[in-house]
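All chains are identified by letter, namely A, B, C, D, E and F, in their written order; residue positions are counted from 1 within each chain.
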């Protein structure tokens, strides 16, 4: 059983039932979710030894969050129960032409007020095959950035494969540093990078050059800047409406850009978490040492599958995803 | 803050949850709604001083209805708590090819048993910019018709703009008068009229003349009969299924017929209340003194937006509607 | 009022609410359903005297199941309250490209442990016009097969029309006999048979011959083997996704194959029970002695209508189905 | 199987979930209930052939009400589907010291607008053992009173035992007659009468005479006025709070007053329907020809049991009630 | 209509349904509540012109909170939509011997980051009869304390009666000042003060002197320190279990201590908000100029009534409370 | 962290919401529970390394059950995913004088069809401090009994403390052996035994001798027959009603019988699982090496606390239980 480690904030998600707006709600459905932990949750469900590292407050909500990660099969032994509050986010599910709306209430969460030196990284990373982080962590606070850097450096020493989900959100960076200065050394230590043009442009100013195949153009520039990168991947979404999207995946593998089949998603149940599912699929396929085309097909199908599920978490077996990757999305009843 | 006044019945709406038929229901979701009050509710949500005039029984259900209007930001100070019962209607939401079904239980409601002389119209209409009524009110009872006439006459004196939603429903007219004889003097006192051909034909026998552009033909005949009319508007719906419609809007502005963009509505969450949203949008755009094309685009987008919401009420900001009016219905997540 | 009799197991169905997977559920919505009883329930709702014969355990769950059949208007007087347990099945509703998944927990249910000699068939079938069975019953156990055979023989003596829903599910046959040997004499006593190629192939090895119109080819071979057959019918489903299907119906009436219009089903609420609705529609149309084309249109529209409903049961009036059969699926609001 | 017949209105009951007030509710739990039908429902559940006679509107709500009675095992074949609307009542469940509150919305219901000559009483009452009515029916309208009188006269001819639940509610009598004049001839044709002093006083001016045992005093006077009476019964409730009552039963059997044990009811789940359960218990015990003391114990235990159930209907087996009648209310788990 | 003004934070309350612990919850019921606004809500429900002053963030949750106050009939025109986040608190309802547990997530809420100079107090307080504040406001932040002081000084000038709910919670005071130094000048400007010994002891070190009637002893000392006080009131709770309490009220009116009747509360639905109901009752009774004994009876009955309701808000008419004050808590059904 | 191991069946529990009877339910709340696993779940929640050994079917319901145990913090690594079906039980919660009713649907569950030789007991028990079993396991099947015996023998070799919950249910023993013959050698290998007189009498014929203190009498006889026993414990319940019980605990420690305080339980939320909580409390107290009186107080308080919770699982911290053990059950709000 391969060991994979992730780090990142896990928050309580609160959402009005069904298609209600916030104004109409008299109750919120709740779950506990975070981009990086969602990746790890999917991998735990597929049989990997998946460790997530984070902090929760030492209150009933923190323990509820902790139990929720355990339920998904994650190894939660390194999670610390300290800090003031659990981060929250409120999700209003869109429908038809009405967009999904997310309202964050994140700071000063227990994770964002953590700092370096508090987790036993030597023990946590011992024997690990893969480490995953996202651009949300360094965006939260200097402490969170330090904490992450500490882990990345040890990954480098231990030759652990590192995946980075750039996930650029300009609204998050509020502690006085620019995304570029903080993230450059981190990306430099990562081999698998998830990024679309708005990520690379927003953080590193890297845009597709006119006349070049756009994703290859970006990838080449990223590779130049960050030679450790072996794979640059992204999902490509066409939003017809909030209920109807088309999704495909791109993988630049150092040589060329491979493209997955396009999935017609209609009607979407929920799209939140599909980026995490995409990455989980890619990590799984990589650990299986599948060919590159199969990797990007599996990753994209995992992301597509997520759209059929309520909540942020990908509950699906590799078999279910492979069937979809093979184009069997006709929805025959399974008895 | 401009002041707008509406009059009309507000009922309790009861509907089986989700897509259940009445036979399957063990509970009903409830809300309080009425065509004219829905218009005013939307306008209150957009910052206008919106007064609704009606009657509720002096029992706990009447007070619940009253609180519900207040929640939407309406000024309820002139609502009277008298009369026997609250009108009800039961809504079974359709799906796919199954139509939505509505079962009214309306008479003898507190509003329909009201009569003239009971509301302080002089005070209510003082300083008002706009007055709104619909064809449901005169259809209910002689008393309700008298009550409305009293208000309309004062509007005339005070030069308040009047909008009329013709809303012809033959099943309602049961007290011995014909819609034509009752409504003609009322429409004669209205400037903005919402009517499709089935309304003008059903009440005034006005149909599009062969060879003429249909809506222009109707509008010209209406103008002839009711010279006060400055705008005749309607939304045009193409029902592919109960879940999939196409919607556009028409505005005859005295010179020509302007048409809005067509909105693809799929899958519809609920369409009830979209006509009220259409009118609210038109009133708002008029009060903003926008150009005619923008008026009809905004009104139609408001109606389209309503289809993405549960319940009868349009909960949406002008910005959200304008985005849709501008064609941005792709449903990107808003963070 | 014509009398129709059916036999078959009725189980408790448990399903996560909305679109949840089993893993996510903290509650299950329940109802009581069985293929044959669903046919009879629809017929009872359309005014026939519909008797269903089965067994339930003498415990609170058995009585709840019994009450549920009564609610649908069925005559339950011959149902026996004996045996160990109520059969169960768990349904996870699919969405988009995710298939619906069914998990059976059936044996040793009260019905499957029944045997011949326990029901007063002479009385039950006295004056009956129609008898309905499906291939599920003989698949369950030798006792259930015996029980059915007993009834079929009496139907033969009494000249009661018999309909058979072949419903071949290889997973069910576990008591040591082959479907072919058990079902051949039963089908031989049936006049109306519901079967698609996978049914006739799976049980009798009958496949469409190359070069022949497929359904006519199957039907001719079935007729040869089972001369009593007067009608072979089936619905034909094209699954674009779990949420979007196309459905039409085929009727071989001894001379030729008639085809119904094709219904576009999007978005499907639930498809389980649509085969039962199809058959109920055919039985009803036959009892009305409608022309063959109208029969297959009505049957197919009944099946199509079912897709707009939650649960397994067709709650729809003949008028609602006829409207759909006539192509009016545009979903206008009914007031 | 003995045949029992009842007549009376059945309404839709709507109640906020849990302990919410009307003002707080966003949904109502619904069920279908009526005093007399509740009696019959309990008897149907205990194996009697129980016919209820009423009218429902020919709309989806009427059919839902009809199905609900069938679910309880009642014979609904004589129910007519005619008239304008289904009567409604809204129930706000009390708690602690807050009383339960009921808001009726009854007229002009389908039943109250019925009249004599519309039911085939000869057939309905043929072979019946018992007929049950309550004071609600003659209170509703002249037509309802006529309808009832018609049935009572035939009961007299056929020597069917008649039970009357006086159920005096002054608020109901609005059609211009006094309860006394209308009900006297009806009570005169009844043998088993449920009445407390407020009933006999309110309608016939009969009060306990000072110095006499109160219930014996009332009973003697009633017997004098209505010689047909063989049993006068009532339950006696002491309300400590809305959640804590004490309940016992009284039976005057022509000679003396027998009293049941007192049941401590704490905490009450719902008390509505307990009077109907009381009467159902008495009828059942009478049909079993049990001794008088056992009759009143069973009736009172049935009423007590009802307080442990949600809704208006007594779902309990005779065995469960007998255990409670025997004083076994300790609530040991039943496996 | 008398005008009453209150100031204070309003938060979103989230609670697991029924009796679940936080760990068990998959959804939270929500409402919007704050101690001072709860007082004003009750008064608005009783017909007063009740203004509440606070701040909400300019996001959908803030507007939902605002609408919720409007629903209760409060005048919300002075509420500002500014600041970062809405304060939250999580409530786990206790049962039997398990205590209710509250988890606050309050800072840095929009209200707590407000400061003086932002509300038009001259206009707000113009014509007001009463002003209400509680010890929570000055505990939150220096800004909130300044804001309150500003209002209190104007109340002094305008001779508006001021009520203060001391509400000492040591956990709240985190900005570096002691409760005593901040609150002394505020209490000095208040006439009606709600305080129990733990409040006066915790803030001002005032304890009952041995040998003196305890509440009189405290009151006398308070009067000495704060001569403006005309009434010191408190409710006295005896907690047998979380589900069973006894409640009475004390009023020191300058001369002596009056005591209300004791209410037996069993089983309690929810006790949160009962202190606010107590004060609302006292304010209402004072405005009615009732005798002192009636004041404390009404206040205590209001607090008692609240225990029968879900949520924090007192939904009850003065009549309902007076009945309870009169000792009628027997819970007879109201029809 | 001490290691504790338990074995036993875990089933899906299905129960109507609130206080509904089975007949009234349209949905069932579900959870996964088993007597022995409930003990271990509580211990896991208190920080022990708690391993549960069982079998689940390799289907979605089995995996949902598995995730549920993980959520509670249990080590599930030895659970096997094999066998036909998941055992079920249906629980109807009692209220007032109506008893809770449980309907089992247990065989042939995956656990009951297991046998010896399939679990790596050497590894599982390595380093374990405590092993727990109950009388349900040997009652299910010969295979389950063999499986258990295999573990017990290894416990003996490894000197692991063994606790046995006798839990005699005569209805369970159906495979042809008597409880006495099967369980005697098992009890002989146990040190801590939970048994009341009905257990010892039902299985070993051991009853209190007249004239002796009953529990001491039973304990002495048990000790004679099973010399390994060091503690015999039981809880003693007095059922006033289904909603009101009194509970105390008895501990015979080899010398004398110690009795805990008596807890007044009113109103009970749910009592199922309280026996498991009792034992969990005793194991925890034993591992803490507390004095005997504190052990039985803690165990009894744990059982009492459970009555305040929905579901079968004890969610409570040791601190919360100790407070209750200390008599603080007054239910003050915790902020």
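By definition in this document, contacts are C-beta pairs under 8 Å (C-beta built on N, C-alpha and C of every residue); 3 or more make two chains touch, one makes a residue touch a chain.
This is a predicted model, so every value here is computed, not measured.
Chain centres computed from CA atoms place C at the largest separation from chain E. Listed candidates were C-F, A-F or C-D; the one reproducing the B-D interface, defined as more than half of contact pairs identical by residue number, is C-F.
Superposing chain B on chain C by their CA atoms means rotating through 120 degrees, a value rounded to the nearest 5. The pairing of chain D with chain F is characterised as different-residue: of all residue numbers used at this interface, under half are used by both copies.
Work out the mean CA point of chain D and of chain E, and you get 45 Å between them.
As a whole-number value, the distance joining the C-alpha centres of chain B and chain F reads 63 Å.
Multi-chain contact residues of chain D (touching two or more other chains): 18, 21, 23, 26, 67, 101, 267. Contacts between chains, counted with the stated touch criterion, involve the pairs A-B, A-C, A-E, A-F, B-C, B-D, B-E, C-D, C-F, D-E, D-F, E-F. Interface residues of chain F, counted against chain D in their complex, comprise 18-21, 23-24, 94-102, 104, 169, 171, 239-245, 267, 271-272. On the side of chain A, the complex with chain F involves touching residues 67-68, 70-73. Residues 14, 17, 21-23, 25-31, 59-61, 63-64, 67, 85-86, 88, 90, 92, 101, 103, 105 of chain B are the ones that touch chain D when the two sit in their complex.
Partner chain F is touched in their complex by these residues of chain D: 18, 263-269, 304-305, 307-311, 315-316, 320, 324, 329-335.
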